[in-house]
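Take a look at this one; I'll ask things after.
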Amino acid sequence: MFLDVQNLSVKLGQFHLHDVNLSLEKNDYMVIIGPTGSGKSVLLETIAGFFTPDKGEVIMEGKKITNQSPENRGISIVYQDYVLFPHMNVFENIAYGLRKKIQKDSFISSKVEKMAKMLQIDHLLSRNPETLSGGEKQRVAIARSLVVEPNILLMDEPFAALDVNTHAYLTTLIKNVINKHQTTCIHVSHNFNDVYNLAEKVAVMKDGKILQQGTLHDVFSRPTHNFVADFVGVHNVFQGEIVGHDKSLLQIEIDPGIIIHSSDDFQHDSNDVMVAIRPENIIFSNEKFVSSVRNQLKGVVKDIFEVGHTVWIEVQVGDVTFRGVLTPNSCESLGIKREKEIYLSFKSLNVNLMECRDAYHSI
Amino acid sequence: GIFTGGNSAEGNLTVLAGAGTILAMDDLKASFEEKNPGTTINIQYGNSGELFSTLNTQKSADMVIPGDLTFMEKAESKGYLENDTIKPIVYHIPVIAVQKGNPKNITSLKDLGNPGLKIGLGDTNGTAVGKQSIKILNKTGNLNAVKNNVVVYAPTVNQLMTYITSGQVDAVILMEEIATTGKGQDKIEVIKIPEDQNAIATIGVSLTVFTQNKNLATQFEDYITSPEGLEIWKKHGFKPVQ
Amino acid sequence: MRSKLEIIFISISFIFTAFLFIIIGTLFIMPSTEGFLSAIFSNELLASIKLTLSTSVLAAFCVILVAVPTAYSLSRYSFPLKSLIKSILDLPMAFPEIVLGIALLMILGDRFLGSWLESLGIDIVFTTTGIIIAQFFVALPYAVRILYSTFNYVNPRYEFVSRSLGYGEFETFRKITLPLAKGGIFASSVVTLARCIGTFAAVLLVGGGTYLKTETLPIAIYYNLSLGNIDTAITAAIILVLISFGAIFVMEKYAHENMEGVN
Amino acid sequence: MRSKLEIIFISISFIFTAFLFIIIGTLFIMPSTEGFLSAIFSNELLASIKLTLSTSVLAAFCVILVAVPTAYSLSRYSFPLKSLIKSILDLPMAFPEIVLGIALLMILGDRFLGSWLESLGIDIVFTTTGIIIAQFFVALPYAVRILYSTFNYVNPRYEFVSRSLGYGEFETFRKITLPLAKGGIFASSVVTLARCIGTFAAVLLVGGGTYLKTETLPIAIYYNLSLGNIDTAITAAIILVLISFGAIFVMEKYAHENMEGVN
Amino acid sequence: MFLDVQNLSVKLGQFHLHDVNLSLEKNDYMVIIGPTGSGKSVLLETIAGFFTPDKGEVIMEGKKITNQSPENRGISIVYQDYVLFPHMNVFENIAYGLRKKIQKDSFISSKVEKMAKMLQIDHLLSRNPETLSGGEKQRVAIARSLVVEPNILLMDEPFAALDVNTHAYLTTLIKNVINKHQTTCIHVSHNFNDVYNLAEKVAVMKDGKILQQGTLHDVFSRPTHNFVADFVGVHNVFQGEIVGHDKSLLQIEIDPGIIIHSSDDFQHDSNDVMVAIRPENIIFSNEKFVSSVRNQLKGVVKDIFEVGHTVWIEVQVGDVTFRGVLTPNSCESLGIKREKEIYLSFKSLNVNLMECRDAYHSI
C-alpha cells in the first residue's frame, strides 16, 4: 500500500475521530463523503500533520510518518477555507511551494503561468487574494497545491465554490493532472458528481467513523449500512423478512403479501433484513410486460415532484411507498398523475440486502 | 485671613532650591508651616543650572536658594533678583568619599593620583562639586595624575554617591553634607580635605523680582537664616557662615 | 460623506495631535538663531548625535532580534513558568529608568558578573557598551509586549500550509510569520528605536554621561540645561525632534507602501 | 516533542528573562531588613505610592480614551494630513522625557495657555493635575502606535456584518471592534500604565516634585538616591516592582482567561 | 415594487459591475447564477451597503436607500465566507442581531434555540466558531441572518458547504421561513437544484452584467442569449438560417438538408438565428413513431457517458452533434451503443430561437 492510515484517533472537544483505517495504492483516488460535521476535514488535516493523533499511525510506503513534521511528508492540502497567504499576490501564492524546490525564476514563472492558465486564473496573477471571488480563491488554492506535484494530494471540498461548468472543466483537468503525475488523492466532497466522475474508492464517514469504504460500485450498489444506503441516495430501503428462496433468489416479505426477489448473495444469521432498491432502477409502465425482470408490483401514484431535470414519483404498494425517478417525457407519455394505477418493475439483481443494524431513520 | 490679623502671613510660596539642600529645606519648610498655619511652601529642587532654567523660562517663583553664590551673579545680571535680599547661609564643603573600610587605603588628595585607582568626579562644568574638585586638585598639583584615574565625570552629583556605594569607583569627591548625613554613610568612609587645600562654596538665599507675596517671602527668608533655622541646617551637616 | 463616528474620532485625533504639535512647536520658538546655529555645529552636539544614533540603532536592532523569538514563544508555545515570564518581561516598563540603571550598575559592578567580565577584558560600566545594554533592557519589554499581541493576531494555519508546501520551521517563520506580523514588528521597531533614543536615566547611570564620551543627546540636553545653556539644550532637543521626525516619517511612509494589503 | 525552532525560541525567552530577573532580583539583595521595614512605613513612601498609583491610573485611563479613537481613525479613515499626524504622534516617544517636560512647562507656564488657565482658576504646574498631564503626553504616543497596528489587524467586514444586523456605528465599535482589538488594547494598557508609573523627568519638571505633595515614587527614588539613601531608594524601587508585578500579573491572568479564542 | 435596483454600477480594480437592474416584489425569491468571478458577491454586498456604487440607486418601497447606512436598510446578508464573530460563541453570534431589538433574555434564548434546532446546530451553541466544521459555520451564518426576520435577505451561496441531505432539508426550511415572514430574498447559487427548488425569479450574471432575468421558465426555456443557454445547460445550441415557415412554425436549416421546426414566436430582423434544444427534451427510439412531435431526425450514436444517475449520449446527424440524456434503463432497453442508428424526436415547442449575437464558445 502506498498510504496506510491505521486506527487513527483524534479527540477535539466533544468530537472524536474514531479508529480510522484507510488504504490507498499509488495513484488511487478516494472520495470521502459524509454529512456535515462528520470529521472529514479533521481526518484530512490529521493525515497532513496539523492535528496530532491520540492513537494510530499514518504510514507512507511502509514508513511511519505519524510524528514526522509536515514538510517531510510530501503531502499537500487544499483547505476548505483556502488559507491563501494574504501578504503575497496570486502568483507568489502559487509559486510558494515551487520556490522551495526550484531556484530558477524563469522556470518557476513558466510553471506557475501554465498552471494558472489551466485553472483559468492567469488574469489574476498580480492580484491580492483578498480581492478575489470565492471561486477564484478556490482555484488559487488548488493551483498552489497542484503545482508542487505532491505524492499525496488532500483536497477538502475543492470545487464547492465553483459553478457547474467550471466544476466540470476542473474535474477533467484534475483527473488528467493526477494521472500524469501518479498522485494519490483523497478528496472530500458533498457533490456526488465528484464521486461518479473521479472516485476509484469511496469512503462514507459519520460521527468520526468510517462506516463503509470500497470501490464506487461496492459502496453505491451494496451499502453495508442503512445510513450509507440512505446517504448515497438509495431511497427505497425497507425492513423485511426472508421467507424463502428459489435457487439463488431470496424471497423477502416487506409487507404482508408483498414479496420481493433478490439475487444478492447475502449471508444471514437472522431472517430480518434490510432491502434497498435504487429509484433509477425502477421501470414504470401502464401495462404489465413480459421480460427478464423478476419483480413486478402494482401500485398507486401518491405524489409527483420535479427535481431538476427529472421527475420523482411516490407509488404506494400495500402499506409501503416506493420512490422512482423518470424523465418528464416518459412521465408525460405514460400520463402519470396522482391516484393513477401503475406497474413497477425492477430486476432482482438490483435488490440489495443489508444487515438490519438499527432502526431506519428517514431525514 | 480677615480674622487673624495683619502680621501673620498667609498664602503660598514657590521656592527654587539646590538639590543638595533637600533634607534641610524639607525640614525648614515643615517647621515654618507648622509655626505659620495657612502657609504653604512649594519647593522645587534642582542643580544650579536647572534652577536657572526654570527661572528663565517660567519667570515665576518667589525665592531661590542655590547651592553656590556664583548663581546669584548670573541671575542678578539678568535682573531676576531683588538685589538687597541676597544673604549667605551655610557652607558647602567638598570631601573625599571611599568605600567602607577604605580597601584602597586612600588618605589624602595625593593618593587619588595613585595608579590603578578608579575615580569619579562631578562634571567639571555642570556641577558645583566638579568645579570645586578641579580647583582643589590644581592646588594640590596632581590634577593630571588624578585625571588619568577618572573613569567618569558625572553630570549629576547623585550618580557619584550611587557609584561609590555600588562599588563602581574607588573614590569620589563630593559635598560633605551628602556624605555624612545620608543613610549611605554606613557604606562609605569620609576623608576630610584640609581647609587650606579645599575650595568651599556658599549656599545663599535671595528673593526674586517675580514674587507675588513679598511679605511671606521675607518672613521665610528671615526664618531660614535665624538661629533657629541655622540649627536645622546644622542638623543636616551644613556649617553656618556666621 | 463622513459618518458621525468618523467625524468625532477624526476630531479627537486632530485635537490631541494639535496639542502635541504645539507642545513640540514651543521648543522651536525659544532659541535665538545665532545661538541655534552655533550650538548645532558644536563638537558636543555633533558627538552626541553620532553616539545617540549609533547606540540606539544597534540596541534597537538587538532588541528586535531578541523580542521576536521571545514574543513568538509566548504566543505560540506552552511551557512551564510562561505566565511568570510574561509578567517579568512586562515589569521593567513600569520602572523609572533610574531603577533599571541602578540594578544594572549593581549587577555589572564589582561584585558578581562585573569582575568576571573585567577579567575577560570587557568593560561595560562607563562605556558605549554600557549605554547599549541600558537601552536594550529599557526597550526590550516594550518590544516583547507589542510583538506578543501581534503574533496572537497571526493565524497559525498559514504557518501550517507553508509547512505542508515543504518549508521547514525556520523558513516558514521567515517567509510567513514575520511578513504577516509586519505591522506589529514595524510598530514595535518604532517604539523600540524611540525608546532607545530617548532613554536618559539608565544610560546616564550605566554610561556615566561623561562629556564627549558617553554623552547621548538626552544627556546633552540635561547637561546643558543644568549649565543654564538653554539655547544649546533646546537646540539639542530640536535636533532630536528633527532626527526622530525624519526617521519616523520615512519609516511610516515606507511601511505604508509596503504594507498595502497585509493588514 | 518540541521542534528545533521551538527549543531555540523558548531558550532565548528563558535566557533574557533570566537576565531581567537577575537584574530586578539584585534590588532585593541590597537593603538591610531594618532599613527596608523602616523605609516602607515612612510617610514619604506611603504618600508617594498613593500619589503614583492614583495619577498613573487616571492618566492611563485618559490615554486609552484618547488613543483608541485616534488609532482607529488612523487605521480606518483617510483624511488630510494623516501621515503627518501619524509621525507627530510617534515623535514624543523618541524624546527624553525631560524635553517633553520643558516643552510642557513652557506652554503651561507664564506665556500663553498658562495665564489663561490661571484666570480660570486652573493650576497645572506644580500640582497633581500637572503630573497627570505630563504622564498623559508621555504615554499617549505609545498607546496610539500599538493600537494603530492592532486595528489594522481587525477585519472591517466584521464591523459591516454588525451594521447589517442593525447596530449603529458606535454600538458596532463597542461590541465588535473593541472586543476584537482586545489583545492590542490590553497590550497598550499595560505599556501605558507602566509608562505612566515610570515617568520621571517630565513629572518632576511639571509637577515640581514637592515632598509629600507631588513626589511620585520615581521622584522619591531619585531624591533618596541623590542623598545617598540607597536603602530608601531601593525600598521604593522594590515597592514599585512589587506593585507593578502584582498589577501586571493579575492583568495578564485576567487577559488570558478572557482572551481565549479571541486571538 | 418592493426592491428596485437601478443602473447600479461599481468599479473595483479591473472589475466593473455594470448597470445592474433588478426588481423584486415583496416575498419574491430571486436566484442569481453565473460563472465564478462574474460579480454576484459584489452585487449583493453593494445592495447591502458594503460597497458604495459609482452610479445607480437601490430603492426599497419607493425610498432611495443607496446612501443610507447599512443598519437602517433592514437588509441582512449571509456571506459566502460566513464572517462569524470570532469573539462570541455560536449562541451569541445568532443572538447578536436579536439583542438590538429585544431586551428580554428569555425571549432571545428561546428564539435562538428554536432557530438553532431548526438548523440542526443546537448542540453547538456554546462552541467557538473557530472550532466548527465548514457546514456548521455556514448554518450558524444562516441562523444569524434568519433569526432577525429581515425584510430583505441576501444569501451568498448559503448551502455550498452542505451535504446533499442537509441541503435538501434546508431548502425546505428556508422556503417555509421565507414565506412565513414574507421575506424578500436574493440568493446566489452555483447549484441548479436551488434554482429549481427555490427560485421564482432567476438572473444570470456574467462579467459584471445581468444577461437575462425573469421567471424560472423564461430563463431556462427561453434563454435570450447564447451564454445563458449554454450556462443553464441547454447543450444543443446550433447556428441556423430561417428558410421558411408553415403557419406558426418557423423552419430553420442548421446544416445542409437538416431542417428543424420551431414554434417560438421569435421576432427576427435577420434570418441568422441560434437554435437551442434542451437535451432532456429529446426522445430516442429505435423506430420512427407517429405522434405529435414535429421533429424526428435519424442519427448515429457517437459517444455514451454516464453522469451520475443518468446517461448522456452524443448523436451525430449530418455534420451536427446532438446531446441527449436518458436513464440507464432506457439506454439498456434500447440497446444503445456506439455507431448504432437511432431516431431523435423533439417537439417544436421545445425548440428555442435566439438572436445570433456572437460566436458561440463551448467551455
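Chains here go by letter, A, B, C, D and E, matching the order in which they are written, and residues are numbered from 1 within each.
Here is the rule we go by: a contact is a pair of C-beta atoms (placed from the backbone, for glycine too) under 8 Å apart; a residue touches a chain by one contact, two chains touch by 3 or more.
On a predicted model such as this, the values are computed, not experimentally measured, just so you know.
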Those chains which touch chain C and also touch chain A: none
Mutual neighbours - chains that touch chain B and chain C alike: D
Inter-chain pair with the most contacting C-beta pairs: C-D
Distance-maximising chain from chain A - centres being C-alpha averages: B
Centre-to-centre distance between chain E and chain A (centres being mean Cα positions), rounded to whole Å: 24
Where chain C and chain E are represented by their mean Cα positions, the distance between them in whole Å: 58
Inter-centroid spacing, chain E versus chain D (mean Cα positions, whole Å): 58
Centroid spacing, where centroids are CA-atom means, of chain C and chain D in whole angstrom: 15
Touching two or more other chains - residue numbers and ranges from chain B: 53, 57, 156, 162, 166
Multi-chain contact sites of chain D, meaning residues that touch two or more partners: 3, 102, 106, 169, 222, 225
Per-residue overlap in chain A, given as positions that touch at least 2 other chains: 69
Pairwise chain contacts, counting only pairs that touch as defined: A-C, A-E, B-C, B-D, C-D, D-E
In the complex with chain A, residue positions of chain C that touch it: 155, 157-158, 160-169, 171, 175-176, 179-180, 182, 261-262
Complex contacts: residues of chain D adjacent to chain C: 2-6, 8-10, 12-14, 16-17, 19-24, 26-27, 29-30, 66, 69-70, 72-74, 77, 79, 83, 85-100, 102-104, 106-107, 137, 140-142, 145-146, 148-150, 152-153, 169-170, 173, 183-184, 186-187, 190-191, 193-195, 197-201, 217-218, 221-222, 225, 233-234, 237, 240-241, 243-245, 247-249, 252-253, 256, 259, 263
Parts of chain C lying in touch with chain B, wherever the complex brings them together: 30, 102, 105-106, 109-111, 125-126, 204-205, 208-211, 215, 219, 222-230, 233
Contacting residues of chain E [partner chain D, same complex]: 48-50, 69-71, 73, 75-77, 79, 83, 85-87, 96-97, 100-101, 128, 130, 144-145, 148
Partner chain E, residues of chain A touching it in the complex: 12-13, 33-37, 40-42, 80-81, 127, 131-136, 139, 156-157, 160-169, 190-193, 196-197, 230-231, 233, 280-281, 283, 306-310, 325-330, 363
